[in-house]
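Structure record follows, encoded as structure tokens.
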């Protein structure tokens, strides 16, 4: 059973009443279906089959490359020198993360050659290119709204797992994955990302554009659902656990 | 059984030895799997279930909107005044086609409200946004290579159907769809599109860039396969007929 | 002496209180310096030296090519099917206008070869590429704000000339140029463009983004000033008449 | 008198017969007019008036912001993971350089407030937005050809100054500026940039696209000339010293 959003405030990032939190709450089942997807629940319980995780990990590697491109597009938008610096640093951090992913994949029995020769799935292509297209079509706010469900959502996923009564703590094979997102570093980065959305909402007319921004925020959340789901599908598991 | 590519020259567009035909031939099973997909064979035989066609038609409507955007991106590339004029006219033609689609959908029992409220599938999102992204990342040749499998492929689909011994001529419910692509208007437009690729190949280093262009051409062909397949999936049909 | 903005309401396009008119009024001297530039006053009085006009005409031809590209970028933005259709039609109209320009140039003693071999000036490069960049960096509202001072400004220029007591009516060598912008066709198109800005202002947070939009609107007006001025400079005339 | 290109091989970067050197040599007077501009000669001789240098420095600060955006666009192009990393690092390096520029400006009597409130000149707008537009219209090769004359040209400027018999060594007020580009760090970075062009020339059809690439390379060189010249103009100096 998904954690209940009405008692979910400790899970949420960004300021109360700020644009990020308003979008998160308004996206309802799209958001909870992403942040408490069966894939996540099985990660928490330590019951996720290895092939599901391996499939996910490889596609996430391919995802990160295009996610870095989308962050670079935010630099192109040139909203402020500070934003340009932050986003350029994020590009480098993501590209470093791809190297870690390859190392991680190796620990899970996947060689670099295997990983880089596997083609992108429809789930990966649709999500990444949709984000890039939002950046081509829209302004910095549109682009960051398309980017933020990934960044902050993973931090909420970690919080949900930490609060999960069914969580397997000792011997969970996915413990290091969970810790990397539950850690202070990732959590405070996510909080900053949510606050950035709040600020852009004020400066870029978030109130008047709310319906359109919500459409994109929800779309990203559904694309994230599909991204988890492909792992379960690859392991021959149906969506409902 | 797919038409045999070795005897398939009458099916092919563009000049012998030109870039288009070289890409088509080199893409092999990706191309035949697209232009002689079970969906197409069932269109030809008149056996395609209506729900499969309806699903396809609605997604094709949504596809065309973003395909028009990608053609507009070719205008932005500004390669020549003539190319800009041709592509801008193509944008208008595609946008007119969307209106015809809505009328066509109505004939198939789908109201405009139904059509425009149905969300894009992963197959539609991935294909359209991937094309747009090739235009953002690459030059006019990269963009047109991503666009051309759709334009010319549908003309080849029509040729294959016209040559199909299993084709249902009298009473085929999909006859008007077939005729619109088999007609002189569409066929000559497709030939011009293939010749345009040949010319861009010469002016924009197609020889040196062949491996990269083939990767994109084949990707588009596979995305087209997925686009047909979603129709069969929606009607509960497996890929192998 | 420039026409007085406080009594200038008959000159203005768009709804009272709408975004276009608010930007126009707030841009102050940048706007009047553009729409009542010495070049315009000399067009009105029929005293503009031919070399100034010829220089302007050639650069305007080169300008239109990139202006058409920027309109195509508005199609890429894909804000609505109607907006896409309107902008694609505008691209074709502008590209037709370039042909008229070549014919017009011929009447003024400039062959097509001369026109197309003349390089773009800094004034032309800076204005056109700045507009395209606003479209890359921003959303549809940012792009249209960068485009609209040209479209509506020329209609206001024509109104100002029609109301100019110093206007030379009989024998003005620039009469046909003036009439093309004073005519009902151009004037109503300009009114529609201003109303479009008003509507985008409402839907895309124009109120919250006003300072940033005004910066761009004023920048375009100053780039238009430079565009006229290059004609006077080419004819060896200083800015103050 | 400009250094003679026929004996200029020690000045040139990139491999003999490589794309960079071929473009440099073919751009002829556009290139020498940039790399041995009177502004540069006066820097070398230590005779450049301070107001000319101050004007240049401020515009160069504004230039760098958009140059960083264009480098980020190269990341978006996503040609390879290595290229993405290199360009993202370059974005951060350039943004750091803007901070140094502000410090440098302060030493020359220009406060940060002064610098950031000065508007971009036509020379700055046209150059930077033209580069960004080449990136929007073209592929990674087109974009890097638009970027490289700045990167490598400054390294050649430094070499020319070091070889200049009229160079003022002791007491040259611009010594630290000269040293920053003559230093090993900048020189080897420039060599890598030229080699990168050579490699892209091979992989992206540089031979077939040579005429178009040369047009852009020469355009960038002329825009660089205009960039130096604005400094002399600001100090009331004519182009010919």
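Order of writing sets the labels: A, B, C and D. Residues in every chain begin at 1.
As a working rule, contacts are C-beta pairs under 8 Å (C-beta built on N, C-alpha and C of every residue); 3 or more make two chains touch, one makes a residue touch a chain.
These numbers come from a predicted model, not from an experiment.
Between the contact lists of chain C and chain D, the overlap consists of A, B. More C-beta pairs touch across one of B-D and A-D than the other; that pair is A-D. For the touching copies chain B and chain C, the fraction of interface residue numbers used by both exceeds half; the interface is of the same-residue type. Rounded to whole angstrom, the centroid-to-centroid distance between chain A and chain B, based on C-alpha atoms, equals 33 Å. Once the centre of each chain is set as its mean CA position, chain A and chain D turn out to be 39 Å apart.
In terms of their C-alpha centroids, the spacing between chain B and chain D amounts to 44 Å. Taken residue by residue, chain C touches two or more other chains at 69, 76, 78, 132, 136-137, whereas all remaining positions touch fewer.
Taken as a contact graph, with one node per protein chain and an edge wherever two chains touch, the assembly is complete, since every chain touches every other chain.
On the side of chain D, the complex with chain B involves touching residues 76-78, 136-142, 202-209. Chain contact summary for the complex, chain C toward chain D: residues 69, 122-123, 125-126, 129-130, 132-133, 136-137, 223, 226. Considering their complex, residues 65-66, 68-70, 72-73, 75-76, 78, 81, 84-85, 87-89, 91-92, 95, 98, 132 of chain D touch chain A.
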